[in-house]
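Below: a set of structures, written as structure tokens.
Next, two complexes with subunit A in common: one pairs it with subunit B, the other with subunit C.
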Partner chain A sequence: MKKLLIVDDSNIIRSKIARCLGKYGLEIAGMASNGQEALAQFKATRCDLVTMDLTMPHMDGIECIRALREIDAHVRILVVSALADKATAILALKEGAQGFLCKPFTESDLTEAIGELISDDDND
Partner chain B sequence: MFHLELGKYRNIVLSIALFIFFDLAVLVLNFVISSQISNDALMINLAGRQRMLSQRITKTALQVEYRIRDGKPFGNELTEFKKASTVFDQTLTAFSQGGRTTSGTGDEVNLAAIEDPTAQGILREARDIWTPLITAAKSLTDNADIMQASQLARLMEAANLQLLKLMNDLTTRVEQIASDKATMLRTVQVTGITLATINFIIILFHFIGHLRRSDRELEHAHKETADILRTTQEGLFLLDPELKIGSQHSTALNSILGVATLAGADFIDILRARVDQKTLKTAREYLDLLLKHDVKEKLVTSVNPLNRVEMLLDQGPGKPETRFLQFAFNRVKEKGKITHLLVTVSDITRRVLLEQELKATEDRARGQLGMLMEIIQIDPFALHQFLRAAADGLQNINGLLRDQSEPVTGRSGLLRDQSEPVTGRSSLVNALFRQAHRIKGDAAALGMSSLADAFHQLEDLLSELREQPSLSGEDFLPVTVQVKGLFEQIETIENAVIRISQVRGVATVEAPRPQHDPNTAKLPFVQRWRDFANQIATRHGNTVEISYKGIDVATLPEGLSSAVNTIINQFIRNAIVHGIESSDARKALGKPEAGRLSIYISQNDDGSVELSFRDDGRGISVQRIRDTAIAKGRLTAEEATAWDNRRIVGLIFEPGISSHAAVDADAGRGAGLDAVAELVVRFGGNVRIGTTPNEYCHFRVHLAPRAIVEGPAAT
Partner chain C sequence: MTEAELRIFIGIVQHYFEQQTGRLAEMGTPFLGDPNALPIFDFTGVIGISGNRRGCVYFTAPSEMLRQILVHGGESDVSRENLADLAGEISNTISGNARRAFGHEFMISVPIVVTGREQSISLPESVKAYVMPFRWREQDAALVVSVV
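So, the complex of A and B:
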């Protein structure tokens, strides 16, 4: 069972992702509301997958992606963010995120995006 | 692998290989046969020498005999005899078996045995003759006697001609062999060269044909590509990793981007002049992501910043125009490496504008629906008052805006450029703000939130102007636009009010139906209405039936029950006199012979009373009322034309207006319904009328509780 870390400053979004992907069969190994928390939890849990918001306090998503990739170059990251700022999305992909999901999203959007992320991982 | 890599060049390579093979074969044969001919030349030479030697041996043998016979000492005759015999023998052996011998020049040469059977036959014959001679020759020494010398000389004489002939035959035969070989060499050369030439011609024709076909296909493909690029409506081009536009692109690209020369142009430079800095920066990042990062195409497409981009394009000299363009990028890969980006550009301006228009329409529709819901909640009179005041207020605002602009341009002074001191215009802003604020307050008080929001936006615009240190006429443009929109909104509401009124006027608005109770139909007041109706009907030659459902009117407060009774009586009279047709006419219309009068009365929780009266007669004749109003001087002809039907119908509640031509005891004096109106006004209620010609006339009366408490006297 793959382990998932959910990073988002919105409690509602975190819960929604956890509920949806818990049903999908992933182990919710941790939830963080900012980049620093995310790093601490990632070091402790060594998750396979991360859903990452971009706009967060303390350490934003881009910085966090960079730091996560330094710790584990193989971690699969799905950016879950509003697509208002495409420049940030492009930056996230350049930094090594492998998926992008635009808010607001439905449960099927989320499972489809995470499914693609996992299948890419299996193909690698 | 080599075979596969030859590809389309396989045939030409094979043909050239064949050509080389022919050439090499000819060369090798040429070399071999030439070598043989060279050897044969030596043989011819040596065979010729054998002829000469056979004569010399005979001659020297005779000379030796003479010397001995004459008793003279030998010169070099014997030596010469020996040498000639030895060379002859060696050469004969070399011819028949192969081996070394001495050439004409005295050099040692190696001869291969002659393979030709004829020559071998000659050699065998010569050997047979020569063997006894050489044996005798070897025994001849310096001390030989005359007997030996004579015997040898006789042998030589006897064999001389035979040997000469045989050596001559040998020479001829060797010459013949050499000649045959020369002929063969020529044949080989001619054949080889002919084959090579044929091969060359085949190659030539094959490849000229192939080249022609290739050229035709290439030309066709080129033409197809050119046609596609010329006729496609979209801009198509390739971008190299340096972001330079390729040499081939669709013709439409020039017009879409408004650039005459694009081949080799820098794509970023083209964007720079047409989009804002932020979009340009994002576009660069995006192209970098496409070219240098292994991100999935689908994913990368979703973050394309040029998917819908607004561009300021030059559509001709001095004609910059804002267009919406869509750029789509596809990676072109070769052996897994990205070599180019295929870019498709579409002008989606029309689509975007349609979308914007659709959205605006949807917003408007949503807003209008909300507004409609608000309007129907508002007291009609208050709404009317408000709309008038709002329209006046907007006129004031418009007047203020116009006044401040006229002195400068005389037309649209808001466009003037020079700034004025803040004081003049700031007081204008304040005046405008007060007007807007007042109307907004009124709208909010009435619950017209969408209109209040619109005035709030006007306030926001004016607040922004208040903050500016200096103001030019142009700064007021958004205010003018907003005011124009508000005018339209007020007009929309007025139109909606009219439409709602029309709907209310024509629709059958049923009062809440009370529970059916058969006993109520037998109540005394109902019976009184029946008697009253029958009396009038009898006078007018028709018949009616009354049906009643509802409360016991007697249970209402006295003033109210009296008012209800009066109103019903007036409606009964009005219906029988004006509405219900004669029995014959009703039969002709397919209606029941007796006219039907349906009455419902109910009381709401707040104590108000709903009264519904409906007859199935001829309905109200609007034209007759219109004519009566003109005839009575109530309306001028122009007013009568300008008024809508609903307003005309409303006149039946005014004193002196009746749709009935004759004056009699029951109707026609224009009195009756005006009494109903008076009662309704006293009770603060309202009346609604619904009618359809030849079908029905329906009055619905609402009597409000306020008046009930006050308890006005009934008429």
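So, the complex of A and C:
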């Protein structure tokens, strides 16, 4: 079972992602409300997958993606953000995310996006 | 703000409610708000705007509307903390989605949530505040955009 770390400063979004991807068969190994917490939890859990918000206090998502990449070159990262402009999506992908899902999202949007991430990983 | 720019925000609000609840928000006619009497409901999520534009965007809604949105989304915890969290998240989503039209230099802050109708939101009088009222399931709420 693949392990997932959920990073978002909104409790209700963390809860929504956990409900949805728990049903999808992922193990929710950790949840963090900012980049700093995410790094600490990632070091402790070594998750396979991360959902990453971008606009967060203390350490934002782009900075956190860079730091995660230095720890683990193989972790799969799906950005889940309200920032809907192309430049932000391109920057996130360039920094090391593999997918970008724009808020607001439905359960099927999320499972489809995470499914693509897992499928790409299995094909690597 | 131009009329076309206001329409962008109206479209984002409509998309949010349609996608998240399956029911459209009925948008009222936008109007220029009195800076000393801006609308405020039980929970208000405020986003600061910087970069190529400056000002703020806020979403304000009654508890019952936020509670129903949470329940519709499968959230069983409808505590005040989660109602406040949702108000902040909606304001963040609306402002973030606006970058599709305004570009990545339309910088948004993390949300600040104001709780209670007795509070007031003070905006600089020199910046026009446009109020976009709407109804969803018989309840009134508003988006206020004050950006130059």
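Assorted remarks:
Note that in this section the second predicted complex is superposed on the first by the 122 of 124 C-alpha atoms of A that agree within 3 Å, B and C clash if a C-alpha of one lies under 4 Å from a C-alpha of the other, contacts with A are read in each partner's own complex, and residues count from 1 in each chain.
In the analysis below, a contact is a pair of C-beta atoms (placed from the backbone, for glycine too) under 8 Å apart; a residue touches a chain by one contact, two chains touch by 3 or more.
Computed from a predicted model, the values in this text were never measured in an experiment.
When the two complexes are overlaid on their common chain A, residue A:Leu49 makes contact with neither subunit B nor subunit C.
Looking at the shared chain after the overlay, A:Ala87 reaches both subunit B and subunit C. For subunit A, the partner touching the most residues, choosing from subunit B and subunit C, is C.
Contacts of A:Pro57 after superposition: subunit C is touched, whereas subunit B is not reached.
Once chain A of one complex is fitted onto chain A of the other, the partner contacts of A:Cys102 extend to both subunit B and subunit C. In the superposed pair of complexes, A:Met31 makes contact with neither subunit B nor subunit C.
Once the two complexes are overlaid on the shared chain, A:Ile12 sits against subunit C while remaining clear of subunit B. Counting contacts as defined above, subunit A residues 83, 87, 102 meet subunit B in one complex and subunit C in the other.
Across the interface of their complex, subunit A is touched by residues 278, 281-282, 285-286, 288-289, 293, 295-296, 299-300, 302-305 of subunit B. Residues 15-16, 19-20, 70, 73-75, 77, 81-82, 85-86, 88-89, 92-100, 102-104, 106, 108-110 of subunit C are the ones that touch subunit A when the two sit in their complex. Subunit A meets subunit B in the complex at residues 83, 86-87, 89-91, 93-94, 98-100, 102, 120.
Of all residues in subunit A, those touching subunit C in their complex are 9-13, 15-16, 19, 55-57, 81-85, 87-88, 102-104, 106.
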